[in-house]
Amino acid sequence: MPNFYSAVLVNHREPLRIVETPAVTPPSGHLTVDVDFAGVCGTDVHLTDGRLPVPLPLVLGHEAVGRVRALGSGVTEDTLGAPLAVGDAVTWASNIACGSCFYCVEEQERSLCGNRKVYGINLGADDWPGGSGGYGQQMLLQPGTTLVRLPDALAPEQVVALGCAGPTVVHGLFGPARPSVGDTVVVQGSGPVGLASAMYAKLAGAATVIMVGAPAARLELATSIGACDVAIDITEMTDAADRIAAVTKLTPGGRGADLVVEATGFPPAVEEGMRLCRRNGRFLVLGQYTDHGQTPLNPHLITKGQLRVYGSWAFSGADYVKYVSTLPRLAERFDLRRLVTTFTLDAANEALQAMRDGTVMKAVLTPSASFGGEPTEKAGGAA
Amino acid sequence: MPNFYSAVLVNHREPLRIVETPAVTPPSGHLTVDVDFAGVCGTDVHLTDGRLPVPLPLVLGHEAVGRVRALGSGVTEDTLGAPLAVGDAVTWASNIACGSCFYCVEEQERSLCGNRKVYGINLGADDWPGGSGGYGQQMLLQPGTTLVRLPDALAPEQVVALGCAGPTVVHGLFGPARPSVGDTVVVQGSGPVGLASAMYAKLAGAATVIMVGAPAARLELATSIGACDVAIDITEMTDAADRIAAVTKLTPGGRGADLVVEATGFPPAVEEGMRLCRRNGRFLVLGQYTDHGQTPLNPHLITKGQLRVYGSWAFSGADYVKYVSTLPRLAERFDLRRLVTTFTLDAANEALQAMRDGTVMKAVLTPSASFGGEPTEKAGGAA
Amino acid sequence: MPNFYSAVLVNHREPLRIVETPAVTPPSGHLTVDVDFAGVCGTDVHLTDGRLPVPLPLVLGHEAVGRVRALGSGVTEDTLGAPLAVGDAVTWASNIACGSCFYCVEEQERSLCGNRKVYGINLGADDWPGGSGGYGQQMLLQPGTTLVRLPDALAPEQVVALGCAGPTVVHGLFGPARPSVGDTVVVQGSGPVGLASAMYAKLAGAATVIMVGAPAARLELATSIGACDVAIDITEMTDAADRIAAVTKLTPGGRGADLVVEATGFPPAVEEGMRLCRRNGRFLVLGQYTDHGQTPLNPHLITKGQLRVYGSWAFSGADYVKYVSTLPRLAERFDLRRLVTTFTLDAANEALQAMRDGTVMKAVLTPSASFGGEPTEKAGGAA
Amino acid sequence: MPNFYSAVLVNHREPLRIVETPAVTPPSGHLTVDVDFAGVCGTDVHLTDGRLPVPLPLVLGHEAVGRVRALGSGVTEDTLGAPLAVGDAVTWASNIACGSCFYCVEEQERSLCGNRKVYGINLGADDWPGGSGGYGQQMLLQPGTTLVRLPDALAPEQVVALGCAGPTVVHGLFGPARPSVGDTVVVQGSGPVGLASAMYAKLAGAATVIMVGAPAARLELATSIGACDVAIDITEMTDAADRIAAVTKLTPGGRGADLVVEATGFPPAVEEGMRLCRRNGRFLVLGQYTDHGQTPLNPHLITKGQLRVYGSWAFSGADYVKYVSTLPRLAERFDLRRLVTTFTLDAANEALQAMRDGTVMKAVLTPSASFGGEPTEKAGGAA
């Protein structure tokens, strides 16, 4: 078997290193894939910075699209029952729930499973050297992986363009907060989660989508692809009270929004979001993934407004399947390719820096096309 | 027409005064009632203290039960279509929605109508001298009042025992937060709203109800009538972290409660309530009626817990009807009379003080039985 | 006051007659309108045929758009609070619920009010000679009418194009059956209700809409304006089993549709619709308005399929407001004008015949532009 | 290892035969149990009659309670994470979903999994001679079995008393049809499914439960344990129109029931049930498990009544856990032991006959106490 390359996090706060690894034959129930595109997520920036406990060395990359390289015995179809063959374009959910805890069995809400294995996050490189994350030219996918063969109508870049923000938004937005035809929706935040929220709200028939975020380039992108009707730049309108007044004025009767989606990760945005809702409105708190501790918040807003406030955590395999199945319509309506900036695998550190700086909407690595575009032979030659 | 007596708020922060007023003949579409029982609500204490803007002079009393005294022309049945006759025992919702605003027409959520007229709160004594609140021997009820003839199975004291806490809880608890058979429910607060929440949760089949509140006498009452399975006294367990640990330990798998109901009015209870919920749990913020401003709160709890947090404001006529229609089963299961301490109308100031001090669960005035029990003749004699 | 003309149903099964009537000044709380467009509904055909009990003489027309002619005292704004002035373009719901029955008060579901007054149906011409239906140049609108000033973005023809099918579909489709992003939706029927269902499903983000109906011209129209992705002509594929096989094959995994909407009025379509649903799917029975008695149906389909079957009856003022508020987006996406064929008021009988024959999708009368386009003066001249 | 006995279906339409089988040591991930109680279900009667395709020979019995006999390696806790030890009283769901099909992954509705393995139904005796159904003294439980250690408050007879009707009702009733506090509920049918529906409706706070069924003995039992308020005997009131009139008269305002639960298996009951609902009411079609073909039904009832009609199929492991967790409150309120009539294992054919004749509410076998009460030694002695 020829070798292949991966970009590996060996120590926190150090650049990733390119490591060469021998390919493997997939055991029974497993399959291997050539990774064509791997998204660089804001979480990856946090991981390299050492803000979350992860096993080292680690091949990052929990957002990926590729082609089937080899099928282990017993692997004949994808999660939806479509037949699988070598060379098929596929994508897969990064996480595998345990299937036997309270949240998997009784609650049927696998996004909350406490025992999840996640490619590129808690499956260290030692599990299979070089092959457990998307920042590698090959990956070994385990039994239980939610795997979907791409519909013909979808290009791989379209699948990776939203990264994990896509299924995360599907999970949060299509629960009880679900946008309805005619809704006025405010999205707080203009990163991938905010952008995906705006696009899905539009797809669901929202009458008006107002985005409140920064920097200007992201707001312009969101506006120009049609994801929002109005954009408010928080670096220009720096006072929350002004923003609340401006947004409220745009809503029917000046009552506030039917639905507000928080996608900022910034704790004070939560009270601001409550103030943007109309009474009896819905507020989806989708961005408070990091524990920043307490922030001042007036709980009277919840009672007085009779608000329905929904948290949302991660996504399940079911959400991933729904995400891929709704992508053709999303891609038909919005030019997803405009979100993507590609980097070769050896430029992984530059890609991380671009995400850290917010200079691109979505950095995407192209592992299989890196190192000459014929990765395994070149790797073989380098050996 | 003979006269009658009312206890009237003439100036804030002064004792109510007994005022004598001539009775009236109800105009078309109206009816008059003799008030048998009028609940003394915590809100009445706030009103006498001048904490809310209300017209003066004001006959307090937005919780009442009585008997039909006279029917204006065209008034022949109650809201449910049951025929009405002089002498029938009746109760009525305190508020009348406008029927033509966004919340009345489009949202069909009349508890949020901004133009509501409320007996005993914003209908001043000048609207009909002495007859617009329950702290009077007679009331004049307007067209649009939600009026229900009492089922035979219900005694008037049972209807007034929970006061406006009853329909308020029906409104909040039987929306999307609705308790389900088998749920573990935590109720924060042991006043009328907390107590009604606990009883309704039990009625809905909750497996376990845990009440967190004070003082001890109220917790003992809640426990002894069967409204809760476990009571935790916050004056004994003064640290929130201890309470969270103690309550969580009582829930299945130590995961936290399926449903938490906040009924305290104390802002820090909101974060504590979020910490008492299990992941994917529901949290009903029912008690934050007063704007106390900001309090420290960690919004990460909402996202991480994937909580569903519901505010609830006031109640509508529909809720009041539902409240009365569910009361027979509630009264069958819980001894509602034990909640009530009666006071004659001339002791209205003592009743308010008892509610201010928390020395009784529910103070109730007995207007029609006050002043000798034959109020109108006596009033006539006094004139 | 000048006179105006109406097309009046004097006797069942006779042509409508043009009748001249004097205009009136609107009493307090009322307003008068000039009727610019009045939809001709399939129900109107039934009414002229005498299939429903209605008062005679009757001015037909329960779907209309016009301009404010005169405002009675106290009428200053529309249902949403927008200010009203003479000449404003407006539309209004045909029905006025009583506001005081079980369905109005407790159930908050005014479409089920049993005491509704309906312009053009149960408000006979004697109520206000000539002015109680849309088949007249003027109408007198009563207090309680849900009235909406048209948004600037909407042309009156766009509002009338779907007639009462529009709010009827809003009522049915945006209840619990609600289409979701990514759904595969089958619509049975290609009349106005079927067409509106298909368009709203698309607007809500349905991935695929399959229409099963006839005649070919309607299916072609539905396809060419983008309301459906696939159309199956029941006059070509006459066997239900064939249709079920063909439609099922088009659904993901051959499992059947996520949502089926019955809009045919043909009883056997109900079992066929159940067979088109996937297990756990939703089935909206929107078209069985007429009681045709029993039809053979296998109820095992409901249990085995774990179907959720929803009936839907009529619409409320709230639905009408929602309909108008969602129309700008619908009109942006679909060319609603292509549905409309106009007739002058004196051609009302031809319009009814065209609807009876299905030769047009939607016949619409132009009362204010009839009789020379200056109806009142001409009417005056004719007097 | 000692031997044990089972009652085995060798050929359809022949009595079960007692077969002796050697015990086994549970492989990794498996466990063995001693079966204390095994319910005899109506489905078992159908299976012996050959009405469903099943593998032969077959040990019947898909409802069972027992004690842990031996734990295979790796089996240390039940589905809820409670530690397991030999001798622990346990119960288990009869079915094991595949976990990888559309209904398991995307729909998260495992009751609809098409690949389910079911103890006592499609797991033939050849899978493990004698040990795959509850009609045996021992069973071998496979990995993936939903297994729950009994709470201390529950006696095994209480768990088996409702048999699979218990989780079937939990699955159907606590979906969208869910009874609410104050509801008027009609239950059609008085077998185990009807009885469980009535009890759970009461537990959920229904104001009134009306049971329509037969024979008289079952209705008397339902009434005397408090499961229903009124019972109507269909053998006395034989005309459906009379029953509809009688039941409707008992509902508030004569409008019909808020919720009707069909639990008869008799196709014409479905239209009757629709006629028992009030408008906007819910109708749960829980009993149409068998395909009896078409029956006359008027679909206009669905549209006119704006009914919400819900099918429900089988139950999942999650439902089984919920069932067991709600049983303590159910058992506290209703004397479940009164439902049970026990038979020893060698009287299995008599038990089946009693269920076929409806002479008992619930026949239950006592395998571990049969053949002398020390089954394994006796079996050993017999070897």
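As written, the chains take the letters A, B, C and D, and residue 1 is the first residue of each chain.
Note that a residue touches a chain if its C-beta (ideal position, glycine included) is under 8 Å from a C-beta of that chain, and two chains touch if they have at least 3 such contacts.
Predicted, not measured: the structure shown is a model, and the values here were computed from it.
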**Message:** Can you check which chain pair, C-D or A-C, has more C-beta pairs in contact?
**Reply:** C-D
**Asked** Going by the average position of its CA atoms, which chain sits the greatest distance from subunit A?
**Response** B
**Prompt:** If you average the CA atoms of subunit A and of subunit C, how many Å lie between those two points?
**Reply:** 43
**For subunit C paired with subunit D, centre-to-centre distance based on mean C-alpha positions, whole Å** = 47
**Request:** Spell out, as numbers or ranges, the residues of subunit C touching 2 or more other chains.
**Result:** 80-81, 102, 107, 253, 322
**Message:** Under the definition above, what is the set of subunit C residues touching subunit B in their complex?
**Reply:** 79-81, 99-102, 105-108, 110, 146, 317-318, 321-322
**Message:** With touch defined as at the start, can you tell me which subunit B residues reach subunit D in the complex?
**Reply:** 80-81, 174, 178, 180-182, 200, 203-205, 207, 252-253, 322, 325-326, 328-329
**Item:** Contact footprint of subunit B on subunit A as seen in their complex
**Value:** 102-103, 107, 109, 111-112, 176, 253, 255, 267, 270-271, 279-280, 285-313
